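After this come two complexes, each holding chain A, first together with chain B and then together with chain C.
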Partner chain A sequence: MTDPAAEALVSGFAHADAGQLAPNGLPEGPAEPGTPDGGEVSVVTSGWRLSLREFMSNRLAVIGVAVLVFFILFSFAGPIVDPTNQSLANPALSDNPPTGTHIFGYNDQGFDEVGAMMRGGQTSFEIGALAAAMAIVVGTLYGAVSGLAGGIVDTIMMRIVDVGLSLPYLLVILVLATKFNSNVLEIAGILAAFSWLVPARLVRGEVLTLRERDFVWAARVMGARQSRLVFKHLIPNALSVTIVNVTFLIADSILALAYLGFLGFGLSYPQTSWGDMLANALQYLNSGYWWLVYPVGACLVIVVLAFNLVGDGLRDALDVRLRRR
Partner chain B sequence: MIAYIVRRVLVAIVITFFVTLVTYLMLHIIAPSPAYTVLGPKATHASVAAFNRAHGFDKPVLVQFWNYFTGLVLHFNWGFSYKLDQSVWSLFKEDFGRSAYLTIAGLVLAILIAIPLGIFQAIRRNSALDYSMTTLNFVLYSMPSFFLGLILIQVFALDLNVFPADVSDNITTWVQALTHVRQMFLPIITLAAINVASFSRYMRSSALDALAQDYIRLARAKGLSERLVLTRHLVRNAILPMITLIGLSVPALIAGNLLIEVLFNIQGLGNLFFIALGNEDYQILLAYTLFGAFLTVIGNLMADIAMTFADPRIRLD
Partner chain C sequence: MTPALDIKDLSTHIQLSRSVVQAVGNVDLRIERGQTVGLVGESGSGKSMLGLSVLGLLPNGGHIVGGSIKADGQELVGLSERELRRLRGNDIAMIFQDSLSSLNPTKPIGEQVAEPVRLHRGASKREAVDRALEVLDLVGLPQPRQRLKDFPHQLSGGLRQRVMIAIALACEPKILLADEPTTALDVTIQAQILELLDDLRDRLGMATLLVTHDMGVVAGRTSRINVMYAGRIVETASTEELFAGMRHPYTQALLASIPRLESDPTKVLISIPGLPPDLTRPPAGCRYAARCPFADAQCRAEEPPLTGESPDHLFACWHPVDGPVKTPPPLIVDEAAAAAALEAKKPAAAEHLLEVTNVVREYPVKAGLLQRQVNSVKAVSDVTLHLDAGETLGLVGESGCGKTSLGKLIVGVEKPDSGSIALDGREVFKLRGSNLRVARRDLQMMFQDPYGSLDPRMRVSSILKEPLQIQKIGTAKEQTEKIKATLAEVGLPLNALERYPHEFSGGQRQRIALARAVMLEPKVMVADEPVSALDVSIRSQVLNLMKRLQLEHGMASVVISHDLAVVKYLSDRIGVMYLGKLVEIGTGEDIYRRAAHHYTDALIRTIPVPDPVIEKAKTEAGIRGELPSPLNPPSGCRFRTRCPRAEERCAAEEPVLRAFSDSHRAACHFPLQTPLETALANSATGEHA
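Moving on, here comes the complex of A and B:
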């Protein structure tokens, strides 16, 4: 048996001179992370930084982020920068066409349409983020516990997910929306109640492969409790799946909110969402009040599109198997 | 294989049972008894109690569920809409054809467009056409179906006046829906376009995967014409994932059907559900939610079973 210290020294030399030394001349033993396969020596880059670089090289995803930043600022900072009357109905201005300072005119209440779009954007982002956050927390925990437990517990927990996924999403949230109050929190809760199932299934699948890895076994051997395994080892390592899923969850929740609004089960007055505004504008299609229909519809499509682009970019960036070398 | 199919069907039956249970309990918590909808909000406690006793709504909830479930399984009894004073099944029968026509026509059209489109994009990948189709698909994928329908109404019904904006009342049977294609044109196109967006994305990546396989290279190497390579080798392999995708698309189809029927005023199941939402007619809501859930379970089941026949690589012992 060779002296470990000498071995480390040799391997150190081997790294330094990797350009000259044959790579297969490296001593045996666990390879250091970042050891070059036998090329030039490069700075060790962490996985997250690599992912970030990968993400930044995806032009569409970066545009998506920029669009989202713009719309979040538009919705939340917009009313401060450009305050408009959004509380006192003004019949004189009702449905007035766009002017130079009010580029999308006025809605039926006589409110500035751009200001209404900002308010609609706030609720859309709030509900999207809240619903996704609730769904991802529940789904991740559920999936991690199910995957780690295995056996009959896993089977039962996953059959429950199967049952939940068999319920037609839109129909169920509509049925629930008839009885719940139409505020941000309760609508987000209804959406989350049926959207944690997909992340649960994804995380469970990830945990099934993770729990057989050496580092999890090592943690077990050291006597880590189940809760420590879940929170310190499984969930952090399943994070890439989770992060990607969150963006899609937000996109889906914003769409679902629009469906609820369109069918008349959106937020109650005076709160509004983009779907509510579209539903309201439907009756003006014949009158040619385009400024009440297309700007808000475009906001909805662009924001959902941006979330989908970011989600795709994140998936490509975080999935090591897809990473370009 | 037989053993697998039998086991898969049994699992589906168990899931169906629990889906029914969960849906029933959920609806029961929301609306325990239709007494007030029937008797009016000012009904006395005594008359409500009498109504509940007469219609079995005073029994424990699990007993009520069991009665509903056995009625459904043995007598195909989907419940009774007290609001419309009609059995839910007779309402379903009336509207089913129109919904089925809309959904199946939209689905078939979507498949017929998406498969060639996805393969074409994969062959010409990274061309200007591929990029523009991918962009269009992305936009359609992110677009609520009712907004797309709204744009189509604006362009084709209001501006160009070539198709009607909604489906008129004279389509009372689904046979008439078949003969009045012009009226159903915009709804079917809307539903198809939304589905093309998601189908062709998968089709493109599935065709890309297939194109990189050795059997395609072999087929080309042995001098097969490009047309035969595509039709015999590429298409048959690339469409396999579509089977699963179509099987899993049932909930999306139900949602699309609902939104489009409401937008175009088609008297189908989606519209029946929508009206029941406003009426708080929970018997219809329960029945249609269950109906959708059953279709979802069947869709998954069919996809799994079809896959075992279509994909010779799947060996089940």
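Moving on, here comes the complex of A and C:
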């Protein structure tokens, strides 16, 4: 799809090679023959590599990554390495205390507790990642469009976000959760329906400064459409904000899933989550069945904490203003 | 007598996480009482670090590794933080560059000026306020008593800088370190501040170190100049001697690279190739060798000592030059290509390529709950001008005069409130959809900040391809051919294509920005302050390149700058703007030799010239006072509040542009030249008589 004028414009230059170009008009030639008069380009450590280096020097964040890797392996590779019965109830083993091979004992169904924790971990990571992904895509697009549009469109779009943020989050999610049949995808969708609001706000704030930057003006001068500005310039440059936010979103979604499960509106049987397990354990709290409460609770706290540590580390590494030289 | 400040063999290093920057190396510097000494260098040459070393205010990781600093005979190196604190602001004071970030925004200025007096003199609150009033009066702050309770944001840039100076002077320091004290200010304000510093030095007998990158600033205000390059003093001499008979090739090239009002625009500016060395790994020999045209094996192997025939003029060079560059060579342009390119861009329908007619642009100021418009910033008021094919029009004026707004109106990214802007007879800002997109090809823009104008997340190849992609020009292969050709044209190596913007120096980025702007073969290019963010030694490279590309592509350009010398070097005609109005327009020679408007005339006289003979002969500081607010510009002639010739008529009646020659027009009731109509009338009456 080119017009003739444009073709003529290109062909005039397509055959010009560097050797035929006019002399550069400098009084003294470049220091060495063959050196372009703009000078050589020195190789500098790329921005991402600097960020990685900064991140790796943050000990807590690296520990966070290690913890997450451990728990992901535990949840997804664990059942393969150490398969346990998680489908056929066995009343004989119901609430049996820990033994040497079953270090956290059995729950009321007679399932191995460690195996249940693995299954709970799977759903936690799946739903957390899925909800965060949906939220970040929607939030980033919404925020970028709102920030770029400005004026009345921006005002309306942001007031919608304000309304969303003032709703009693948990109550609405509980109401919504009763209307769906509670599989991984739907719960993730419900959680994402609320968690996109914060990234939308953050990205809009970033876009408000980005859209006045000269490179965005330059693209406008070239005749770029709004969609090109959003996808080629604004979103890539707001990436550090979104990357940091994703980790916090996953942590929040895992927590929210635990609330849902605890209140009994979580996943339906046979799927389980850490929240479901805690709710189950609650009735045995006075019976001294500690193995049903503390290990799961610890998993939840450690995973959420690890995500937050990684998020903090990423923020420090990606924000040039916070970076040490 | 002991000198006020005596620095001997000082070296300062800055420890980074993985390397050490050798910021200042073996520097000697002396300042006598009542003397102003200049310290000149590019950014990164270590000149600010030298100043901060004296105060013991080095950034994190910075420390003095050797040498001595004696203030009035007292050794400062090795003093405890407590003892240094007693000296800082009392015996030694510093003026910083950015007055907005150096003043505390939450405290009234009176309190900030009084603070050092209370700290160092143990004065009571009342005594300190009295002293604050005294110094604020001394630095020429109008009505200091009423302004004591003002906050920094309520003052203009020039007044804030005066407050900064007042803080520095509050305890009558013996040594004043002024680090780029006027760089952030407009030329008219710069002249006032420099004169104030001069005057205060004479009255108070301070030793002053004037740190700057601007050779024009030091020319008229110092008795001695030290030129610093890559952490070393490379040449030191009395001001007159340094300008007339410099011996170091760096000083010579630095001075020759500055465009001057009287320099011949058909000649190239001398430029210094390459970049300053990386001070984490300084070269073994002379630090300037890599960029020096005279360098040989000795220079690369052995560092030259700072010596000279007389102890008054020292330089560090194995092959010293003798005085300034005599005649710069002419600009070489491919004439045939230039003529062909120009022919292709001639307007088809209209008389002029670009016609701007009675354009007005005002930005609303809203206030209150309902966001009602209460006022407007009059950015561009009733401007009319035209541009022919292949012609370069310069726009000059102080910050806030509307020149950038006019530039954005011309490229069509902003719409005028009234008036018309026609490119080849078509009003671009009224077009829509694909017509608008195609029309955008003819209008391109180059921005001031080379760090902000390139998308940091895109490779250079994508940056350069973007205009072609947006305009859907050529196949992918043709696009690649074209970006390679253009990259070579702006003097960058091919391996630049795969790199990201942060891997380039400021000058190289500006070359990329220029390549992007010419990629679509625009008929008109607007360059907004194209070199003001670059270092002096890099500026001339970019100016030469811009000049050559303009000619070879037959592009008409609008060059916007606050620097009249830059504009005059690049432009055929110059428009002078003041508070949104075009007050004078004419050829470079019309403006420079035959200025008709008092503003233009004062502007030319105010610009610091890198020549101590001319600078020191200047007796007046040019324009008095500050730029009025563009919210409520003065009635009649907008310049009348600062004009030496203003009369009642100027307030009542707005002057119109009158012709002084075919090319020269100015809007003034009492012009410095005779208008054409008056001249004609005079000659007519003369014939009658």
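Just so it is clear, the second predicted complex is superposed on the first by the 282 of 325 C-alpha atoms of A that agree within 3 Å, B and C clash if a C-alpha of one lies under 4 Å from a C-alpha of the other, contacts with A are read in each partner's own complex, and residues count from 1 in each chain.
Here is the rule we use: contacts are C-beta pairs under 8 Å (C-beta built on N, C-alpha and C of every residue); 3 or more make two chains touch, one makes a residue touch a chain.
This structure is a prediction, so every number in the text was calculated from the model and none was measured.
In the superposed model, A:L171 lies in contact with chain B only, and not with chain C. Legend: residue contacts after superposition of the two complexes on their common chain; A:F262 is shown touching chain B, with no touch to chain C.
By the touch criterion defined above, A:V301 lies against chain B but remains apart from chain C after alignment on the C-alpha atoms of chain A.
In the superposed model, A:N237 lies in contact with chain C only, and not with chain B.
Chain A has more of its residues touched by C than by the other of chain B and chain C. In the superposed pair of complexes, A:D214 makes contact with chain C only, with no contact to chain B. When the two complexes are overlaid on their common chain A, residue A:L278 makes contact with chain B while staying clear of chain C. Of the two partner chains, chain B is the only one that A:K179 touches; chain C does not reach it. In the superposition on chain A, contact is made by A:M222 with chain C only, not with chain B.
Remark: chain A residues 159, 162-172, 174-176, 178-179, 251, 255, 258-259, 262-265, 275, 278, 282, 285-286, 293, 297, 300-301, 304-305, 308-309 touch chain B in the complex.
Considering their complex, residues 16-17, 268, 270-271, 273-275, 290-291, 293, 328-329, 331-334, 337, 411, 413, 436-438, 440-441, 443-445, 447-449, 452-458, 466-468, 470-474, 478-479, 481-482, 484-486, 488-493, 495-496, 499-500, 502-505, 507-508, 511, 513, 516, 520-521, 541, 544-545, 548, 552 of chain C touch chain A.
Only residues 1-3, 6-7, 9-11, 13-18, 21-28, 30-31, 35-44, 46-47, 213-215, 217-224, 228, 232-233, 236-237, 239, 324-325 of chain A touch chain C when the two sit together in their complex.
Across the complex, chain B meets chain A through its residues 14-16, 18-19, 22-23, 26-27, 30-31, 138-139, 141-144, 146-147, 150-151, 153-154, 158, 250-251, 254-255, 258-259, 262, 273-274, 277-278, 280, 285, 288-289, 292-293, 296-297, 300.
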